[in-house]
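In what follows, structures are represented as structure tokens.
The two complexes that follow have subunit A in common; it is paired with subunit B in the first and with subunit C in the second.
Up next, the complex of A and B:
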């Protein structure tokens, strides 16, 4: 909202930057394939980096999805990982040789449907709660769904499910996940610029005022919840076939649950590109700190500190540095420097 | 002539307290009705029932032929009922113009995005806030925030506008400006129900006044009649004062 107003230029700049980044992401891996190798092209990216890029894209989907509910509508959900898990299991069941045995494309296409339906059902009672109550209820729902899934034999029980392994498909999954990420950003952008988006923001700002000007608050909230669930479920579905293994711990991971919220809030909740920026920054930090023994442990503490600092000093997230509304923003800094004649 | 709004035996209880007791009146299109009464008389509860924020326990509310007593607020807004809140509820992260535009996107107006912003500009002109259109809400003074409440409600294109103490807390110059605004809104063809404590406002714009006291309707008439009604004086100033006033009047 804010960024849209004072940042026509900012938006164009960010669009160009993200456009370039996407193009680079899409082109770079081409030089890492065996074909490229045989042609004698340099190896610019290795397989682990492709994996990281795919993870980044996956979190862009989840953080953008969370942002529709937590950022735009103002309902801080702590249970969006349930949608990821449901999407992953839907896809895994669909492609499993001993179950539905559908092609991978069909599995991924089905993945958003089950979580969206689930969100619409549980959203009706859950979205009557606000604040802490909503946060705890959504967290409880996510944990409960995970436990149920773990105890259903058809869903692999405690062992989990094993979608068929696709060899040398790293690039395919990267492109699938980047496609999902672009879809998530485009959907969010369309919502932000629509009657639906303004209605959601109105609900966030004052639900009672929104209802008396004619916003169907229940339908809007449940709608946002279902769209978020569909996107998150899509990411889960792609993850299931990419990882070719899914169980309760992976599908309903509390780490993922917290990370997507951290990313959206760190980058800038309620904005279009905030969650994307948050994912890139946080994933960069995590990747560089992971696997370094003690450092990784301290990193966990550092992340908590980072969130606290963000919420206190840059409540609108990193994206605010570019927007000019914050006193910490680059635009504000430039203005201040100009005024002092420096 | 059929009434635009008709309220028939509306009762609303909160636990053991009846905030409204069998309140009935009718309102014709084009009227400005003042609703007065001491604190706790049930004035805001009445507006809450009409706008769907609260549901009456008994009785019926009909707007333009539709029974709205048990409808949800957004449906009532869509039929053409707009309201403001005594304690203003702006969309704080938005500008003045956006607040009004959101009103135009919904309600009875339901314009597409581009049309909504054009409609917002018109409404801001009408309430005298055109020069503040691009300001963020947080920078507004209290009188301006009250104006914005009216602008946002007007942007939904209501046929009936419920104003809840839009003049409370304003100084006398600001009250005059607000009175001009209410008259302008009324001239534009909107029927108005106005809750107010400031008698100058009621006398200034209303030809008809309803008095509520402990949830009951005490009087319904012109401002002159109503303000001379001993029961009304008693409700406002106490029994002793009412008697003394009556005696004084009898003695000339």
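Up next, the complex of A and C:
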């Protein structure tokens, strides 16, 4: 009983510390504005750091979206980048001067719709497949959609599309992306606690059994797929106007595709904050390891090694450190200390 | 008509390369139930070994294939024994994650060793060929197809005609039953992966003769191996051969023969085909129902 209380208190403390850190990190970029400058506040972050924060928020959206399908429902999608690309292209076409020429807000609002519709359409046949076959079918879909987009002139062909550049809008895009990230986490949290979420978990654990006890498996799976698509598409839409350039390589990047999965699994698939943690850790590693010339290749080797070590020793993700069953977790450490101390 | 024949020949020739690349991938997937994301990296490692032997010791690329196969066999055995065996019973995504990590390590080790310059293996006969009824056949590609066929036959023989092959197939059918009758699981896993790595190395050797290589050139081959295995069906050598040849044909014919489509559509066609096959016939063109 005592130990349980302690566990709860520790977890709450950790959550508060984590929340405070997030708030601080989110407020710090405000010191980069002219107003802060005129008040004489020191500038705490520079433009490249704002860019990294925006990227982190973007991957939080994508990893959380993937987590709904791959983590919660147990359908390991390998093609979620298709939704990112479709969202990005939807937004880019919407705001393009020579195409729909809508305001930016409308473009971003439209961005989740097309991927969600697409997911509902292709989800019906694709979600009948399982395991490796589902993984590869989704990967094939992503590559095929990307290739088609590259060959359609209305979508800019191989050159891509150039949404108008907004000057000095770093902070606007940072907070847009952070808003999307919060939306993704909140939506995931609501789903996790709902009848819908329990249905998805039931499908993951045993699809036949779930269907027998009255879960409409097709509707649930397609629903989760569409929600993930809408979230990922939203991130894509914001990315298109933020980057003010989108082409097939960027929109349907296989790097993004793999990264969002890695982040979700590294952090802890099927949990609420696992993907967020995974994004922070992996993005931190990538940013610090990747950009240093000659060291970069050695760093990549280190990253590969880290992945291997994680998979072998912390198989349920980093989130397992906090109160999980891993031998490296805080809970295990506490138990061990108590046993030796008493 | 002549153009059509030429494209059919080119498609089959490139299909041979796809067969060689996909053989090992299919073996690891079918027997160990691992989708090996490092497969393309192993292919390129084989290509670099071939280049090394060619550039520094002037060994003909086709003669160095056995050396490459042995080297990759040893590497594959060690890799499986030390690393991948530890997560062999873990769910799908752990093995994916682990092989992705291995991929990163191999690709970047190659970058350290060889830099990112383009390398190519150009023996005196590369670029020449012969013509039959106006259809051009390059020697190198024809030889590559021949080697791929021999490789497929060798793997088929190993799996179906030897004691080791029986052990491998027994493990694929039922791990626990295989262990009960005295099969050393860890050894058989490692052996399977080693054979797959050797196949990948040979495929890499072939690839080094027909295209310039860089350490990062392997990723497309992992993807193509995926497609070939799914097209043909999992677990049988014959299915992989059919899958590779069909994939080569469809890719080549699709971009030259269908009006309105150009070279840019090759991948779109290939992957659309993949998705259709998966949805309509998940067991592949040649596979049995699971």
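FYI, the second predicted complex is superposed on the first by the 314 of 342 C-alpha atoms of A that agree within 3 Å, B and C clash if a C-alpha of one lies under 4 Å from a C-alpha of the other, contacts with A are read in each partner's own complex, and residues count from 1 in each chain.
We adopt the following convention: contacts are C-beta pairs under 8 Å (C-beta built on N, C-alpha and C of every residue); 3 or more make two chains touch, one makes a residue touch a chain.
All of these numbers come straight from a predicted model, not from anything done at the bench.
When the two complexes are overlaid on their common chain A, residue A:298 makes contact with subunit C while staying clear of subunit B.
In the superposed pair of complexes, A:132 makes contact with subunit C only, with no contact to subunit B. After overlaying the two complexes on the shared chain, residue contacts for A:199 are found with subunit B alone; subunit C is out of touch. More residues of subunit A are touched by C (comparison of subunit B with subunit C).
Of the two partner chains placed around the shared chain by superposition, subunit B is the only one that A:213 touches, whereas subunit C remains out of contact.
Touch criterion not met for A:182: it reaches neither subunit B nor subunit C. In the superposition on chain A, A:285 makes contact with neither subunit B nor subunit C. Looking at the shared chain after the overlay, A:120 reaches neither subunit B nor subunit C. Within the complex formed with subunit B, the residues of subunit A that make contact are 1-2, 5, 193-195, 198-199, 201-202, 205-206, 208-209, 211-217, 270. Within the complex formed with subunit C, the subunit A residues making contact are 70, 76, 125-126, 128-129, 131-133, 135-137, 139-141, 143-144, 147-148, 150-151, 158, 254, 258, 261-262, 265-266, 269, 297-298, 300-301, 303-308, 310-312, 315.
Subunit C makes touch with subunit A in their complex at residues 29, 35, 83, 86-87, 90, 92-94, 96-98, 100-105, 107-109, 111-112, 219, 223, 226-227, 230, 261-262, 264-265, 267-268, 271-272, 274-275, 278-279, 282. Of all residues in subunit B, those touching subunit A in their complex are 51-53, 72-74, 76-78, 82-83, 85, 89-95, 98, 101-103, 105-108, 110, 112-113, 152-153, 155-156.
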